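Letters A, B and C mark the chains in the order given here, with residues in each chain numbered from 1 onward.
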Amino acid sequence: MKAILSIVRKEFLQLRRDPRLFPVLFISPIIQLLLLGYAANLDVRDIPAVVCDLDRSAASRDFLDGFVNSGYFTVRARVGRMADIDRFLDNGQAAMALVVPRGFGDQLAAGRPASAMVVADGSESQSATIGVNYATMIAGRYAQRVMLEKLARVAGAGAKPVQVGAEVRVWYNPELRSRNFMIPGVLGLILMIMTMSVASMGIVREKEAGTMEQLIVTPVRPYELIIGKLLPFVLIGLFEAAFVLAVAKYWFVVPVRGSLLLLFGMCLAFMLNTLGFGLFISTISRTQQQAMFTTVFFIMPMMLLGGFVFPIENMPPFFQAVSHVVPTRYFFIAIRGIMLRGAGWPELWDQAASLLLLGAVVFALSILRFRKKLD
Amino acid sequence: MSVLSLCCLRPVIRKEFRQIRRDARSLMFMTFLPAFMLLLFGYALNFDVKHIPLAVVDQDGSRASRDLVDRFRTTEYFDLKAVLPRTAAIDPVMAREDIRAALVIPPTFSDDLLAGRGPAVQVIVDGSNAMSGTTAAGYAGAILQSYSGRVTLDALGRRGLTGLVVPLDTDVRVWYNPELRSARFLIPGLMAFILMVIVTVSTAFSVVREKERGTMDQIRLSSIRPLELILGKVVPYAAISLGSAHLVLLLGQVLFGVGIRGSYPLLLAAIVLFLTGALGQGILISAVTRTQQVAFLIAILTTMLPTFILSGFVFPIRNMPAVIQAVTYLVPARYFLAALRAIILKGVGLWAVWPQFLFLAGFAALSVGAAAVLLRRSETERPRRRRGRR
Amino acid sequence: MPEYAIEVKDLTKRFGDFTAVDAVSFEVERGRIFGFLGANGAGKSTTIRMLCGLLDPTSGMASVGGFDIRRQPEKVKRAIGYMSQRFSLYEDLTVAENIRFFGGAYGLTGKALDARLPWVLRMAGLAGRERSLTRTLSAGWKQRLALGCAVLHEPKIVFLDEPTGGVDPASRRRFWELINGLSEGGVTVFVTTHYMDEAEYCNDIRLIHAGRIVAGGSPQELKTAVIRNPILEVSSDRVVDAMEVLQKEPWVLETSIFGTSLHVSVADESEGRRLIRERLARAGIAVLRLDRIRPSLEDVFIHKIEEQDGAAGAGEGRP
């Protein structure tokens, strides 16, 4: 116990003495959150589009109005020739083009299928996918409307078209602010990057500096050493989490509907994992440079496979399986649940359990690897 | 041109290469990590929003409602995860993210249909993921609409009116990216992201390592000039990352069919400029920090999240607030990414990407220049260490 | 109570196919200053690390303070103090913080630690400098601090690996006064060094070369027993040329340069004197002085090494 306290005290003393580390640890997460909270935004609205109406009939105008007024698109230009579209798409001024060919209105009037063309700049396939989806939906709506109007005329009374309506209810985030989804994720990322980095470098630093030799010749036991070195980062991590949470809540007005206690508990369980992975990395690295590369190697999948931006259910089964050992997966679900949906222990106990189990395994592996020997 | 004697450059390069070679793991990482990540994420990541987990509360239980539920079950846009008994059961399941959308079919559903009234189905979406929420609502709407069309046609068919077709056919043709597969989109982005992070971080270590180990003093005492030192350290890492970048391109071509549409020399020029800037940034970081730990943190923080989020890799810059858009001008990966996409996917020439090139060149010059200045300044300072009495 | 503080039997350490320590055996009596003498890379540090429980031996056994280093390494660590070759205290902590930290690591509680702290400071000559950052100390002070931290918990056995490396002679002498003080207090001191003159301060020495012990005994024993042939010291301003001339002579057993003089080992003193003057005069090299000297440990060492190397490379003879 004494040994642990000695080590904790030493770590804090050293932290204080490094003039750059302190500000990096505390100020940069805030800056990151500020920047990214504003930038991380997956809403796709106001897609710039070019409109080319080659038909110029009432029907084509009607059709195009449906797009223009949808709010999903912003018309950057209306051109009269197909060839003019290239210019806008090539230099990125427009991401999509809507082309109504000549004869559109006539076809419709004659009861024959008509066609329109949606051209999307696929090099930005995110916007393109969504843009095409929107366009297809809008075109489909228009088609239904036309058909139903026709049917109404043809069928006369008594054969009213049946329309199943959708009443859309948006839960938890009625204004559909993309930020509310992103920011808990950014919070988790910042926490992960900071704690894992310092944990992985911490032990290797002493190896490189030679002080590890002096430390392992003392009676200090491996678990005492590990706990002593990591405890300061648990405390620092919690502080950082609190800071970041405060910025999220008061600056970005992201709701925090659930229990704060549960939230910090989840942060702790998450840090058990990040610190554990960091520790593991430092037991398999001889130099700080190696630790650094290995940390980057671990951070990337955790960032990308945890369900932050890319939904897990859209991944191939192999990666879905892998995501089960990625702690960010559970943490993101937990933190979003607590903050945005007011989820509590009954809903999230299994996320907590997964985090704790995973963390325990990683820690156990690290402690087993850590031997008080020089080779 | 400041005096640059090659005699001093070569030993620095050689030493750096030797140190790199000795650390096999780091060398492996630098060379293969980008390609490995590309493999990993090219297969794993895409922007499709499909398989949205869905729950259904069927309060009607008629053939018509089951028919509707089937449509949701068979579409690939939704994954029917649960059939819940009552609406109250939805919240706990949605709070856990087991489902992200729910369909509530009212008890009067089939009756309304038969009577020719338009029943309303509740579509509940988890708004916390705004994008998938919007998309889910859109998909649901589209499915319901197509269902309505079917029902109407059936009803009319029963009255003897057949042969009606949907009058409009949208021909969706996508330029540049016919399959709209996200892999194509991701590859330039991943390349930029991975290279930026790895290159900057590894060079950030280069000088700090010397500082921490105390070999910096010896270097100062020799006749190596700061510019030579930087160049000497940069060259090996530049060479390795160039190789790595080509490996990524190769894999992109072989595995994902992302070929280079445009001119290869132009692409090479863009890569070289970008790498130079990233390397310069790495050295700049290492010049102002004293310990490897802090260098690593700063390098990671100035590359990883900003590049991921602010370069246009995942989140379109267009959608960001004006202030943040201004900030993205400071993110070199932004220009690199734009140039990459234009050259690889669109095949345009210098006329279309010269602004990007200008920025990339500026970034390279700025970061290398700043690094040189700072290194020289830190070298002319006398070492402050031995202040104690002897 | 074990008779010997340290017992080593056939201790071997191999790194791959390189044998760093080759079947080394010796005993160290309690309360003695035991010196391990050898050039860099001879295997001294490796041996010490094995004895401290920092490295696992490839084969052989050793017991330190009665505890087996393989099976009870933690008990060994509790019973010993260790000072490594490279300075391994925390440079970014103050003197007092370092002492307190290692005290805590050894389980010294508040009151006991408070009592020891001034003692260590006094011993290291750092009284009044508790608040100085360790980084700002010069090499000599650092070494004394490291020694102080090594004996904080009053161990009965202390291992010092090249404790005076890079330290000026005055500090070295002061350091050895500390070591003597420890020894007088009953502490067994195991020290490694490549400074031959320091070896004179030890009670018992082992010479180690290429992982093997090539000679052992007290300094006195070594000097008288090992070297039977007289050694003549030749001072000249052209020492290197003189060496080249004399090396070739068949009656010269060994030559080695010591600064500005040459040590020549011959079979017979008077004959040797005559022949040396004659040969050097013939070569036009002036002889400033010619004395018989008592062999120093360095002479012993070189003799032994050349003997070892000669035996190893038999056939490529040297005179």
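Quick notes on this structure:
In this section, a residue touches a chain if its C-beta (ideal position, glycine included) is under 8 Å from a C-beta of that chain, and two chains touch if they have at least 3 such contacts.
Just so we're clear, the structure is a prediction, and the values are computed from it rather than from any experiment.
Within the contact network of the assembly, the step distance from chain A to chain C comes to 1. The highest number of C-beta contact pairs joins the chains A-B.
Distance from the centre of chain A peaks at C, each centre being the average of the chain's Cα atoms.
For the pair chain B and chain C, the distance between C-alpha centroids works out to 59 Å. For this pair, chain A with chain B, the centres built from the Cα atoms lie 11 Å apart. With touch defined as above, residues shared between interfaces to two or more other chains in chain A number as follows: 18, 209.
Listing the residues of chain C that touch chain A in their complex gives 49, 52-56, 73-74, 77-78, 80, 82, 84, 86-93, 97, 100-107, 109, 133, 149. Within the complex formed with chain C, the chain A residues making contact are 2-3, 5-7, 9-10, 13-14, 17-18, 209-221, 372-375. By the touch rule above, chain B contacts chain A in their complex via residues 23, 25-26, 29-30, 33, 37, 40-41, 43-53, 68, 79, 91-92, 94-97, 113, 116, 118-135, 137-138, 140-142, 144-149, 151-152, 155-156, 159, 161, 164-178, 180-182, 184-185, 194, 197-198, 201-202, 205, 209, 212-213, 289-294, 296-298, 300-301, 304-306, 308-310, 314-316, 318-321, 323-324, 327-328, 338, 341-342, 345-346, 348, 352.
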